[in-house]
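Some structures to go through are shown next.
Below, subunit A partners subunit B and then partners subunit C, in two separate complexes.
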Partner chain A sequence: MGQSVATWRRWAWLTGLLVVPLVILAVLVNLTGDISWIQRASSALILMIIVVGLHTFSGNSGVISFASVAFAMIAAYTSALLTIPVEQKPSLFPDLPFFLDWLTTVSLPVPLGILIAVAFTGLIALIVGIPLVRLSGLAAGIGTLAFLVVVTVIVTKWKAVTRGESTMVGVPKETTLWWAVAGIAIAIAIAALYQMTRRGRRLIASREDDKAAMSIGISIPIERLWGWTLGCAIAGLGGALYGHYIATFSATTFGFALTFFTVAMLVIGGLGSLTGAVVGVLVVQILAEFLRTLETQGLGPIPMLEFPGLTEMVLALIMLLVLILRPAGLTGGREITTWFRRRKSAPSDQSVSA
Partner chain B sequence: MSFLDLRGVRIAYGEAVAVQGLDIHLDEGEFVSLIGHNGVGKSSTVKAISGLVKPTAGTISFEGEEIQGKDPGVILRKGIAVVPEGRRIFTRLTVKENLTVGATVRKDRGAIEASYRSMIDRFPVLGKYAGRMAGLLSGGEQQQLAIARALMSEPRLLLLDEPSLGLAPQVVDQVFDLLGELRNQGATIFLVEQNAAQAIRASDRYYVMRTGGVIQVEAKGGDSADVSAIEADYLHFGKV
Partner chain C sequence: MYLQYIIDSIGTGSLYALMTLGLALVFSVMGLMNFAYGQLVMIGGFAMILLRSQPWWVLILGTVVAVVVVSLLMERLAFRPVRTATAMTMLITSFALAQFLQQAARVAFGANPRPLEQFSELSVQYVVGDLYISRMTLITVSTTVIAAVALALLLKRTNIGIQLRASTEDVEMSKLVGIKSNRVIASAFVISGVLAAIVAMLFFSTRTNVSWSSGESIVLIAFVGAVIGGLGSMVGAALGGFLMGFTYTMLNALLPLELRVFADAILYTIVIVVLLIRPAGLVAAKGVRV
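Presenting the complex of A and B:
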């Protein structure tokens, strides 16, 4: 890709500083042997992949998207259709349209199914991205939300292929904690590399000052299209892994609630940085687990709170507070690497900030 | 045929007319300034030349080819780069990244790297802080970065919109020294400035613009130019 040695070094540092703690966390959780903790960690890591995908577009472009979960849904269904055992397919999909008839004879290994699902998601993203990336601000938010609605309606109504409102069953349940760890490591490595390449830098430049970016010849729609396609494909990786993790799912699994969660995670962590995406997921997941425990069984001396929806409400309030008090999120939109660099070079920085 | 030729240019934002009937020309290798009060349409003129604003009437020709209304990227590829008002560097990118994104319209990686090397030779402070976030630079250093970023596209005409704005007087001197150097190296420069005295002295010719884009004066610049008369008549800056 023609990146300089310094760029590769920065990439390795950013990827390492984000991935290594997650691996350690996963190993520790696995050591406890507690199946519910292992499940929580696995789903948090998979969710993190979707949020990293969302960051890859929204974080670098400054344009909000509500469509990541739609792409996660597309990938989950695609991979499911490709990997469900052949013998189950006739009973699950008796009315497949003629152009998808070949699916009844196909049952791919799960990794291959996931890979094809990610590529297919990227292709769909590329096609719908061509008009969508020309929108900014409110229009972009509404446009991506509309796409989520369209995908949800298709998945709910196209019974022959998606089983409609019935649950998708027979999906090989192969995603483990280690698959989730591998998935997030790949997602972070790709997202970190993208934002350090010239293309990524151009998208970040357009986020900072679109007029200045245009005046130096940056084509904002083209750069957004790259970020959008890559981000949606990463969200697709998360979606496909999630499908093989829960094994039974429907359109509601990937609905507005999950969209709200992923956007809240990115906003709370910090929209401008990959570190923000990772931190946001960790903070929100830990908080959500705590609130859910309170909601359903109480915690230690605290009695169970009869308050359905407490988790979503508290998260919404926190998101509001973050937006008002710290719009750049908990990380201030900075990467973990700049914390180290700033500490290392603090004295000389003062001489340049006159 | 002039290098850059504006004829009857009109720029309007809805009902509000910013520039009307503007005629300006510039030859290759010339340093021409456009001076005038805040709000007379100077910045709109620069934006129209660089493609950020589409003129509602008139023509803008570069080397005989009409470029009005074309996209900024297209105009940049033809060889016109702009240093925007307020510097508008990318504060969250490093100094080096600011320079390399400045070369977006060029393809040859090796040549871009060579341009980067020559840029940090010319602006040593940018080389010194190459790895720093550009937002950490001082105002004067940021202005150098904005000029260097524009030069990274290897333009044949450099447009500068108020490069002295918000800078300390000594730093303004440095910026004008730099423009003088570029001019001596053969660069073609079109400068838009409120700082009339320094702009007039630095340039070969200058135009004075009044409200609505009416050109009042087209005169010879340089050290011997009668700056005081212009200031008294049109600008009332109070200092030379």
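Presenting the complex of A and C:
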């Protein structure tokens, strides 16, 4: 796209500063050889992909979206349908509609299934995005929330294709820690590139001042549509990887609870920066694991606190405290590359208006 | 036949209209979409379980007091500190607060739904010609009308109501003329709490149990109803909520059986279409930014 050398250098710095620590973390966790730690790290990294996807749209455009989990769900089901072994398909999906009959004879290798699922998710995002990105503020919140409800209802009720309320089983379980690391590296690299190149800068400009942006000829719906489609496809990558990671899932796996967590992680990290997305997921996941350990087995001198819901309750309380004490999030919406630089001008802390 | 569906739909519609009013009131005063509003209704439900064996007036009074206290605490502890932050931060704060209250109820009352003994005197059916009208439908519709009229009188005639409406129009200006915004916002939360308590009593009277997750679907309905009705407009909010409930019940009655399971999906698709045609809602209030 004819970017300047300086842009590429900044891109490499941002991607590197975010990805390298994650890779080191993954290697260290792998060295411990503790299977439960490896599992926790994998699911945290996969979740991070979804949050990076959410950031790509909401962080850059300043428009809230509750739909990224819906796209993760679409991708997880698509990849599952494409990769479940042929032998299992007739018993799992006895009454597929005629236009999906071909699925019974298809069983793709998992990476190909994920790739197609991401492309399909992007296509759906593009189609529903054309009307949805015209909304902003609370209407956008409601519109995307309504879309999440629609997808959830279809997945729960369209038994012939999604197995309805029964869980999806027989999905090849192939996602490992290294797949998750590769996934998050790709997601961060793409998200960083997007927000540094022309298209992304235009979207950020529309977030900072929509009238000024329009006055220099930026078409806000078109820029939002780009960010939306890319962000939803990234969320789809996370969803597809997650499907092949847990191998059995249903619509409730991708429900309101996950939506709440992903949006909260992004806001706690600091809306408006990619660093915020990464930091938010890390902090919340570490806290959640700590609390969960406390709830299920106790920790050192602290006895086991056996109350279902305690983890989520304390987590919500901590989120409240962060929001009250640091409304701009832990990173204040600044990228890691600017952390060590002197502030030349006030950072765009509260740049997102809903 | 159709008349029967319409009567049932009016019942649900009135309940949804009442849910929407409480949410819309707080929004119009401070621009906050309070996701935790549904949890107030859930808390009202648990208050009813605890007070079920008491005389009816203790039950009603106790439920209202419990919900109003939580509503006021919400405002003081969570929303006042973020009042100057962006609308997005406020929205997420209410999200987190909703999650906190929900999980706290799960810790306190357990993960399984708690049974609520039925109010047998409310399930009486009246027969008019070939139509059935339950006493509950009558109570719901009349309570909604009374509450809406009372709210309108409160906003038009009383001192606090006039201050509330002034703050809705222009917060800065109303401060300049000496209106104490803390008091006004707190009173909005009190009214919203009373409405939530009434919703809880009407809603759970027709249910057999209360669960920690009961508030979720309620706030979704109210949220969507308020936005499609028209933010900042009380009439719009009530209309939006009413149409949500009315359409939902009608869809469930009239859709062919194999499509009925998709009633929610169809309803929310209609919501998206309404938003696209009228992003500011059906009854757009003056000067509200969306």
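Going forward, the second predicted complex is superposed on the first by the 338 of 354 C-alpha atoms of A that agree within 3 Å, B and C clash if a C-alpha of one lies under 4 Å from a C-alpha of the other, contacts with A are read in each partner's own complex, and residues count from 1 in each chain.
Just so we're on the same page, a contact is a pair of C-beta atoms (placed from the backbone, for glycine too) under 8 Å apart; a residue touches a chain by one contact, two chains touch by 3 or more.
None of the values given here were measured: they were computed from a predicted structure.
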| item | value |
| --- | --- |
| Partner chain in contact with A:Arg201 - subunit B first, subunit C second, else both or neither | first |
| Which of subunit B and subunit C A:Gly137 touches, first, second, both or neither | second |
| Touched subunit A residues, subunit B compared with subunit C | C |
| Touched partner set for A:Ser219, first subunit B, second subunit C, both or neither | first |
| Contacts of A:Gly272 with subunit B and subunit C, given as first, second, both or neither | first |
| Partner chain(s) touched by A:Phe290 [first = subunit B, second = subunit C, both, neither] | neither |
| Residues of subunit A that lie at the interface with subunit B and also at the interface with subunit C | 352-354 |
| Residue numbers on subunit A that touch subunit B, as the complex places them | 2, 6, 198, 201-202, 204-205, 208-209, 211-219, 272, 333, 338, 349, 352-354 |
| In the complex, subunit B residues that touch subunit A | 50-52, 71-73, 76-77, 81-82, 84, 88-93, 97, 100-102, 104-105, 109, 129, 131-133, 136-138, 141, 149-150, 153 |
| Residue ranges of subunit A in contact with subunit C within the complex | 62, 64, 131-132, 134-139, 141-143, 145-147, 149-150, 153-154, 157, 256, 260, 263-264, 267, 271, 307-310, 312-313, 315-317, 319-320, 323-324, 327, 350, 352-354 |
| Touch list for subunit C against partner subunit A, complex | 33, 78, 81-82, 85-89, 91-93, 95-97, 99-100, 103-104, 106-107, 110-111, 212, 216, 220, 223-224, 227-228, 231, 261-262, 264-265, 268-269, 271-272, 275-276, 279-280, 289-290 |
